[in-house]
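As structure tokens, here come the structures.
Paired with chain B in one complex and with chain C in the other, chain A is shared by the two complexes that follow.
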Partner chain A sequence: MVTTYIRRAYSSFVAHVFDIPARLLAFLLFLTLLFIPFAIQNTYYLRILILANVLAIFAVSWDFLVGRTGQISLGHAIFFGIGGYITALLSSSKFFGLPIFLTIPIAILAACIIALALGIPSLRVKGPYLALVTMSFPLILAALLKWYPLNHIFKGEFGIRGLPALVPRLDWMTIGQQRVGEYYVTLILLFAASVILYKIANSKIGLVFVSILDDELASKACGINVTKYKLMGFMISGLFGALAGCIQTHLLRFANPPMFALTLSFLPVIVTFLGGLGTIYGPIVGAYIYYILDSYVLRDWLPRFLKETVGVTLPPEFDFAKLLIFTLIVLILVIKLPRGIAKFTTDKLGDLEEARDLDERGPRIWKTYKKKEKTTSTGSEPTASS
Partner chain B sequence: MIEEILVYGAISGGMYALLALGFTLIYGVSGVVNLAHGSFFMVGTYLFYVFGISGFFSLIPLTLLDPTWGPLAALILAIAFTGVISAALYRIIIHPVLGDEIGVMVVTVSLALIIQQLILMIFGPPNLRINPLVTGSKQIWGLGVTNMRLLAFGVSLILFIVLWIFTNKSKVGNAMRAVSQDREAAMLMGINTERLYMLTMALSAMLAAAAGVFITASITEYAAPWIWLHPLALSFSIVILGGLGSIKGSLLGGFIVGYAEQAVAIGVPEGGSIISIVPFTVMVIVLLLRPKGLFGKRIEMED
Partner chain C sequence: MSPLHLLEIKNLTKHFGGLAAVDNISFQADEGEIIGIIGPNGAGKTTLFNLISGFLKPDSGTMKLRGENITGLEPHKIVNKGIARTFQVVRPFRHLPVIANVMVALRSPRGARKIEWLKTIERKAADLLEDVGLSEMMLEPAENMGHGTLKRLEMARALATEPDLLMLDEPFGGLNPLETDFLTKSLMRMHLDEPTRCILIVEHKLYALMKIVSRVVVLHQGEKIAEGTPEEIAQNDRVIEVYMGKGIQDA
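And then the complex of A and B:
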């Protein structure tokens, strides 16, 4: 009995995952992410991957807003910062000292409500107006946080420090074990966020979003309440953006005004374009590429490699070249490969899939379905007769 | 107090209007939201530093004739070089993604970051001092105003009027207005839109560079690799509150923001530290009342 279930699950898995190259690739990448802490013992490398997970959540939420609902926001850092600051204020031992499993949900909900409040005025404008208006929100908040009369609350440029950690370090834990814990927490949250957003994007609501993206006037004529759905998109996106902010705050254990910086608003944009806009999985790939390229290849591997093989020590100015090289790569990709790396790969794999002889794959899937049909029909026989 | 707001506000307002004019010009003609506008401001300032202050020009005997020509030559060269650079960058980088709204923004943001990193690599992070072109000061309504600020105010107003006449009377200006109204019809009438876009980009970047030199030489008096952020924020908020693509709007918006900044700096406790949010606040208030800005229609320049 159990073995038949297992066999059926296995064969349907084979038919739905192993037979489609894009899904197989995604599955293998997921497995790699799941088991990476066993292969990497270096805490610095783990730290890079943890931060890549956080950036991936943030970029996925931006991608949902822009790629799926078509509202260009260049100020996504506002959700990141609001989430981070609210959970910082609530959990800091100097203010409320609440536990983080309470403060993070509160912060996310608060950010959701703030997204609604910001969305109502800013959604009256469209296109480039909307992009530039949203770009100004985090800048306003960052300046207010540094305003002297509010310094006793927000501590100005210094920020709120000494917060509880995301994964508290127990007595028996080494730093490495704490990092592994943090890695799995962020990975699970990333997985949950992307699955939820993917499900929303492919649900009825997602269809409405796509129709608004394609033609707002036509959707209005079809009786869709465009403003309601736009606000909904804004709130969903803000929710996950705030989640990323909360996680980062408790990972680094401080919240400071650079969380609202313009660069943080631009980072998800760049990362999403690197992976592929409107795909949900694209930004994840992009975030990993960004962190691996920036923090591993250019900061760690390249100087070591040059030193060991060529004997050249890089000058300190090379520090500034890292962002330069990364941005150049993005620029070339956006111009030459506007769909992004991940989207390009899946499209290529999809072409491969179509080109393959369907006769070979068809019977196998058919076989699985037939088996399922047979078992269900035998199972439902008594009810059918009665 | 009123005099202070009026005098200082008008002086910075004139320069802000010049800065915003470039942003609105390129948007009005080609629909490009140029997030690298602040970078051209910075490039102009740094080129002015290279040509004028770092002693580059003392090598050339021509300026030995009369030392006062040095800064002026540096100013003109800086503006011209920025124009050439921006036209080349437009052709290489922005042109391939033209028409894709988000793509243009991503590309220009990347461009801005690249320029910032290049300047960091060449000049390093410390602030560079930019000296005023002229020294001395005058009394206006009992307030001391440096000659440099007066010069900057005068030149920005003159440039503004020249631009106004250029877009309304000259043949190229007519072509620009035609393209901004209907691109395809303008192409059918034999206007080379590609060349026109490049020209507009160069013009817009030159305005940014001029504003850069005047603002840094008269108000802040230093150049640093992150001075592109604030001008970018200023120009887009002014342009939006005036209406994207409207020259009149950018003039009015520049002055509104200039006065509002001074009013906040003087009237609000510790106002100097939140001065950077004034343009945004004004912009949000205006947008709440008029979602298209003061003079904004769709992509259009007034005639």
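And then the complex of A and C:
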């Protein structure tokens, strides 16, 4: 009884996952992510991957808004910052001191409501104008946080510090074990967030979102309340953006005004274009590539490599050049692979699958074709037309 | 006969700057009619359509649907009251497959209302596509479709909300004779299937139009210059003058 059930589950798993190259790849990637902590002992590298998970959640929420509903937001840091600050205020022992499993949901819902409040006026403008309007929000809020009459609450540039950690370090834990715990918590949240967003994007509501992206006027002519759906998209995206902010706040155990910085608004853009716009899974790949390039290759490996082989020590100004290198990489990618790395790969795998299907389906067709070729080529030399 | 007209337009006016695109137009449409709106280029036909469907707000005048004032409502609200339209230049959702284009319209409140029990949205969309003869290319992306196919797709999308008043903006534009014939036939069949539905057609191709309409409204420079059956319009001196120029009667 049980064995037949397991056998059936296994065969359906094989049919669903192993038969489709793209899914197989995704499954293997997921397995790799699952077992990475066992392979990496260095806590610094593990920390990079944890932050990559957080950025991936943030970028996926941005991709949902821009790639699926077509509302360009260049101020996504506002949700990140709001989520972070609200959970910081609520959980800080100086204010409310609530446990984080309460404060994070409250912060997420509050960010959702703020997304609605910001969306109502700003979604009246479209395209680049919307991008500019949204870009201004985090800057205004960052200025407000640094305003000195409010310093006793937000502590200005210093930020709110000493917050409870996402994974508390128990007595018996080493720092490495705490990192492993953080890694799995962020990985699970990333997995949940991306699956939920992917499901929404491919549901029947997701169809309406894409229709607004394609042609707003035609959606209206179909009787769709475009404003309502846009606000819905804004709120869903804000919710997951705030989730990323909350996680990062409790990972780093502080919230400060740079959470609203422009760089944080542009990071999901870079990451999404690396992975592929509108795919939902692309930004995850993009976030990992970004963090590996940024924190491992450019900060760690390249200086060491140059020092050991060429004997050149990189000056501290190299940090600026790093930004330049990144811009260059993104530029090349946008021109050469406008669909992004992840989308490009899955498309190639899709082609592969089609070719294989043809191979399986049509041996008979192949044989008859070959026979024809033989019969025509027996008499004289085969020509290109025959 | 109910005393209320399906659509009643009174003194509708729209100015673009100094130009009166639609100038003091009044007419009524009743259930079961097929009305053609004709006129030379720049007569204000498409503007009139945009006013009725809510994409433009009139400067003055009123529009009533079954006695209910719909002047100045949002486009999606007007669709949900029962007026659907197609566009002169096709506007499909290019990223979506053909069937999903129709499903979007079925997600609107009015479209969803018409999905009967135990009939899924996909089934309903497939049925609608079969009616316009697109059931073979249901799963293809809309961006791969030709112009004539997209025109039919737009019609299926408009029909998805089961409108009382269907407005077709140049449905024959850019179609070859075969497609024109197909569309004429499917319009006639639709008229037989839903005898209470009123259809408004803006068209340049008078030959195709005159065969199916029961009444014609002629616009010229934003004004209504004539209204009547196709035979009456064909005899009307003013209409001939507008279409052919003044000298034709002297020659």
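Everything below uses one rule, namely that the second predicted complex is superposed on the first by the 357 of 386 C-alpha atoms of A that agree within 3 Å, B and C clash if a C-alpha of one lies under 4 Å from a C-alpha of the other, contacts with A are read in each partner's own complex, and residues count from 1 in each chain.
Criterion: a contact is a pair of C-beta atoms (placed from the backbone, for glycine too) under 8 Å apart; a residue touches a chain by one contact, two chains touch by 3 or more.
Computed from a predicted model, the values in this text were never measured in an experiment.
Once the two complexes are overlaid through chain A, chain B and chain C fit side by side, free of any clash as defined at the top of the document.
In the superposition on chain A, A:Leu207 makes contact with chain C only, not with chain B. Of the two partner chains placed by the overlay, only chain B lies in contact with A:Val269; chain C stays clear of it. In the superposition on chain A, A:Leu170 makes contact with neither chain B nor chain C.
Using the contact criterion defined above for the overlaid structures, shared-chain residue A:Val334 touches chain B, although it does not reach chain C. More residues of chain A are touched by B (comparison of chain B with chain C). In the superposed pair of complexes, A:Asn225 makes contact with chain C only, with no contact to chain B. In the superposition on chain A, A:Asp215 contacts chain C only, with no contact to chain B.
Closest C-alpha contact of chain B with chain C, superposed model: 13 Å. In the complex of the two chains, the chain B residues touching chain A come out as 27, 33, 35, 93, 96-97, 100-103, 105-107, 109-111, 113-114, 117-118, 120-121, 124, 229, 233, 236-237, 240, 244, 269-270, 273-274, 276-277, 279-281, 283-284, 287-288, 291-293.
Within the complex formed with chain C, the residues of chain A that make contact are 204-205, 207-208, 210-211, 213-215, 217-226. Interface of chain A with chain B (complex): residues 66, 72, 74, 121-122, 124-125, 127-129, 131-133, 135-137, 139-140, 143-144, 146-149, 262-263, 266, 269-270, 273, 277, 317, 320-321, 323-324, 327-328, 330-331, 334-335, 338. Residue ranges of chain C in contact with chain A, taken from their complex: 53, 55, 74-76, 79-80, 84-87, 91-96, 100-101, 103-105, 107-111, 121, 157-158, 160-161.
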